[in-house]
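Okay, so chain A shows up in both of these, paired with chain B first and chain C after.
Our next item is the complex of A and B:
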């Protein structure tokens, strides 16, 4: 008889335990229709006061079926305040649902905010566990709010154009720099490198997004804007993007090279423990994509020659320009630290030497063919 | 050496990639971390060699059985009790770290009690299983998850965001003097094999620890230490890496699968390492459970002819774990982990000392 009681007791305890699960789910998880998914955050300088920020959230609105909606719909929330965290807490009171940051993938920052100590407001994003570190960071011109409010015509329902620009998932272009949040943090706090952010702009009619410039974020100085061409060269030399066109001019000739592979390495040469020269070797190979005049295969060497000269000149001017503005987006300083035994003055030595350093660039362009026609 | 010993070693190494070990190593990144890790590597192989060598004289016998035969109760009981507490703490340390992690990254809205309960219920079940089944569980989980873990590690090594310049900056600090805490934490990665103080009763074959086995342990250790230390530096940067509380979580959050089912690798990473940590806690507590059972002769503890030994120990384990999990802050956890790691080499050397004495007695 006793045995009988025990055999009932055991399953009933298990059933009771299972019932407690019902209690658990109720308080932990809020349903998906009780949440608002933030897709992008924009940060601007405030309009009403002198200090603080203006934060704009782009919220993706859910809809029943993709087929039913012709266009994706978004809501925008804007608020000003002293710190990012505070503003977002305030914004939580503007909506009836929970703000969910797990899918937030782009942080857009007004150009003017890149001047002074960015780490103060970026701290919020680094510190929060639920914001992904593989979110993209981008600069905005004219303002972050304007950029977020742009809804391009090419935007498909249930997607956001802003995401597709970066990370090589959709468009791939040497003009587009991709900077992830973790990468941005790394470059921001490391000595010897300056972070580079893509600059998102828009047309007058606010119906297109344009990303083809970049900004070098200065540490304790104004940011430096890179031109289209500089962005492209930076990207292909230091970010390994290739397969793109380089225009070279030689007298009356004008060639467009389609470069498929770029190898770059450099070395920092020192004299008496002071860095003096950066010697850079660049190897490119590709084909001719467009020409003003007919070409001959036998003259490939000649084309190689003047292409190399031209590319070399452009790389040199990019390096020189960055040096004059005293920023180092390439991480030369970091490389210097990485190749010398640590001592306390190592970085100071570099900082002192960088403005006077000399660049020696060797470029070797190897054209494989003139394309399908001569 | 039995393959299960390798599993034990690897599970301990992998589980500690996430918890407090990397933070301690990276905390001294501008100190002597690298030199210390090299020292710990050789120490780790040495203790494994000594352990397997001494245990190979007693095939199929666990430590309590060996001590019963050759040492008086006045020595064996305190020794076993200390080991029991240490193994319990080892499991507890991992448990708290993971409860913390889940709370921060996976289920931020869940109550700490729920997370704790889900962990502890499953672990307790594993704890009271027979040792043989524990080892089988270990093998099954390994076969299922290790390929994924390896895939993840390969992915991270070939990530173009892994900046080797930062790694090289870290290497440039190689001439700094070593540090004891780092040494203790790094050598903790190697104590996985010490679980055989209980599991040896199942390893009936005489074990050998020759050159080949030493090389394998050395390679595993080198790979684990290099990965634990240098990958976060390469991904997150060398400067201020010591400020990061869970370097490996942020590292895995920085890896993405461009066209994968899930873009954020962190969720896969957390699940894999969670499972391995589960195993690790289970094994530690199982060892501890067996030791306590032996010390208090709990087989004799009977109530209404039913053996209540299991229930008594489980309740004590739970109560202590719950109390400590709720009490400690992140800083406490870090501090206590350091204390724990600091005494670990002493315990290990003491244990090996006892084993050597026993081995000599057994011979004579």
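Our next item is the complex of A and C:
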């Protein structure tokens, strides 16, 4: 066995010659620098026509040295058209690079669009393979374009603040509802639950983003905006967020409770196969975070009691309010459908019964201490 | 002693041998005469230890009393080697440093060789902090001595044989006859005997010839310079082959995972070894896959990156004229050149080469926008992780195979990377080393595996 150098010489010369072709000017390759990273999409009602949508894309621009640049830089693309897919096709003709949706993580929808049939236009995002289903969905006030164009001062380069609000990776607040695209889609098409979206607003100067409300998307009804307080209660009871504070007023006293743990369960009670009562048990534990008067440990039971009353009242009013507006963000209907034996009229029974259903709320607040050492 | 007189006394056989060695300057033929006793000797003075010759043959010849038989004395010497049949074989023995002694009808070969390079060398290729610091020497006698000194077992067999090639070097086979698989031993011996090569210079080229395949990438036997590695493998029933004049030993058969073992692993505690191995296999994966992964991710699926990283990579590629795969290819070739250069150069200059190449050229290439700085990080990481592989032949093979993966990924993206890796694994599974599966895993402990092997 001997090494035959010449037998491999010929093929290697051919390979080398072919390789030189790659260095010619005509040879190109779709590289990362030929792509534009879309970071957010905004959807608004159209301005020029009655039908269709206006889509705004927020494009994150790469820049030389990320550490040296103080401010993030974005480009915005806007176009109107009949359907989202069509508009994005048109937008592709507005830029010289490939629009890359792989990093698109926030879909912002104008408040007014939540009234009509949302699943028609949301369908596009679901079908497109490169849009991740873990994208956040949010409502916008005054308009999606305005929200996208806000560049808050706290925004670091290469990190969009719109991402940071949601998903508890940066800020964590009981006022911020996080809804993912997959979750939104699921809630939108299943009977017995209404999807809840966070509502993103901005200040007059357009220099800050504010997320502390939520909006309940109606299916046949108008969307219902939740107040701050309602958002907080919804979030802590149904989304399991914790570490919140509750303000409780009792006569002259005003306490702020820091609740570290909330357990909630409910049961739908039926009579003659018709749901009549929803019984909800809530257990909270925590400490007193702020008080007008000095507190004593011996009176802890008393504080527990009036706190319980107060919280109970608030929860009750939230549930009642939603019932009056005939929306069901909590998914009571879904639970009913899921836990009863199926028959064709099951959802109709629920729909008929929901407006008259009675809520029984039991709250047990357990304070562990007064928050100070005596 | 004048010329004409010597001629008349010299037997024909000796003359015939001497003639074939001429006109080398170092051929010495001598006749020792003493009152009727005549001894003819023939040797090459460059390979024979003169002091020994003097002390063992010449001096006793004149000191021995008359009634004693000098021929008998020569016969009893421990230096005697077996007399081969045929002129050619005898001549080979003489060139090895044997002294040809002829007394009357009795001919004897005495091994009085002098080996210049018998010093034991420091283990340079596979240094460890603990464990023996010295490797093998370039003389096979010293090496045999080294192994015998560390392994006192009558079952340790050392067979020397000669290849059919022009340098007629002796080759030694080491094995423990209680542990080795007889079939395997036979296989290796057969392979050695049927080798058709011109010249064997040392362990490395013998290893290549033993491989029996013209185009192969991964080594099927292991080359080592560490006695502890030799013993470690010999107790596992493997065969060790040494070539005279080479400080390396060949261990066969071998599995892939033997190449990933550093002798250091046997000297540390369990968790430390686990950590080091984890690092080592991590390094292996990094240096095979990272360049291909860079191309696959940046050019085909940037979604895999975090958003921040995608933007940073995109930004660092601004102004880079060539597509990512050419960039990676160039940088890899560049780093290979650098490695090669610093290996070939003397140690003092190689530091300069690395500095100029690595630091200055790297920074300048980024500044000139010929390559992105992320690429420089990738390439340096790849270069460093190559050195984590303890056996250099394996690291060469790995360095070559990553170009293959790069090619696949350039054509088919991350799917190509998976495909290429799969192909590589399939190739390794298909491979065998002297009949042993190359990718054989050892799930049980060593003793149990060895027992299973025997059965």
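Operating definition for what follows: the second predicted complex is superposed on the first by the 343 of 374 C-alpha atoms of A that agree within 3 Å, B and C clash if a C-alpha of one lies under 4 Å from a C-alpha of the other, contacts with A are read in each partner's own complex, and residues count from 1 in each chain.
One rule holds in what follows: a residue touches a chain if its C-beta (ideal position, glycine included) is under 8 Å from a C-beta of that chain, and two chains touch if they have at least 3 such contacts.
In this text, all values refer to a predicted model and were calculated from it rather than measured experimentally.
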| item | value |
| --- | --- |
| Chain B versus chain C as contact partner of A:93, first or second or both or neither | neither |
| Which superposed partner A:341 touches (first chain B, second chain C, both, neither) | first |
| Chain B versus chain C as contact partner of A:220, first or second or both or neither | neither |
| Which of chain B and chain C A:130 touches, first, second, both or neither | both |
| Contacts of A:62 with chain B and chain C, given as first, second, both or neither | second |
| Touched partner set for A:159, first chain B, second chain C, both or neither | second |
| Chain B versus chain C as contact partner of A:372, first or second or both or neither | neither |
| Chain B/chain C common contact set on chain A | 27-30, 130, 132 |
| Residue ranges of chain A in contact with chain B within the complex | 24, 27-30, 129-130, 132-134, 167-169, 180, 182-183, 185-187, 189-191, 240, 331, 334-335, 337-342 |
| Residues of chain A that touch chain C when the two form their complex | 1-4, 22-23, 27-33, 35, 37, 39, 60, 62-66, 100, 102-103, 105, 130, 132, 158-160, 163 |
| For the chain C and chain A complex, residues of the former touching the latter | 195-198, 209, 212, 214, 298-299, 301-303, 307-308, 310-315, 317-318, 320, 322-326 |
| Contacting residues of chain B [partner chain A, same complex] | 104-105, 107-111, 114, 160-161, 163-169, 172-173, 175, 235-240, 250, 253-256, 258-259, 263-264, 266 |
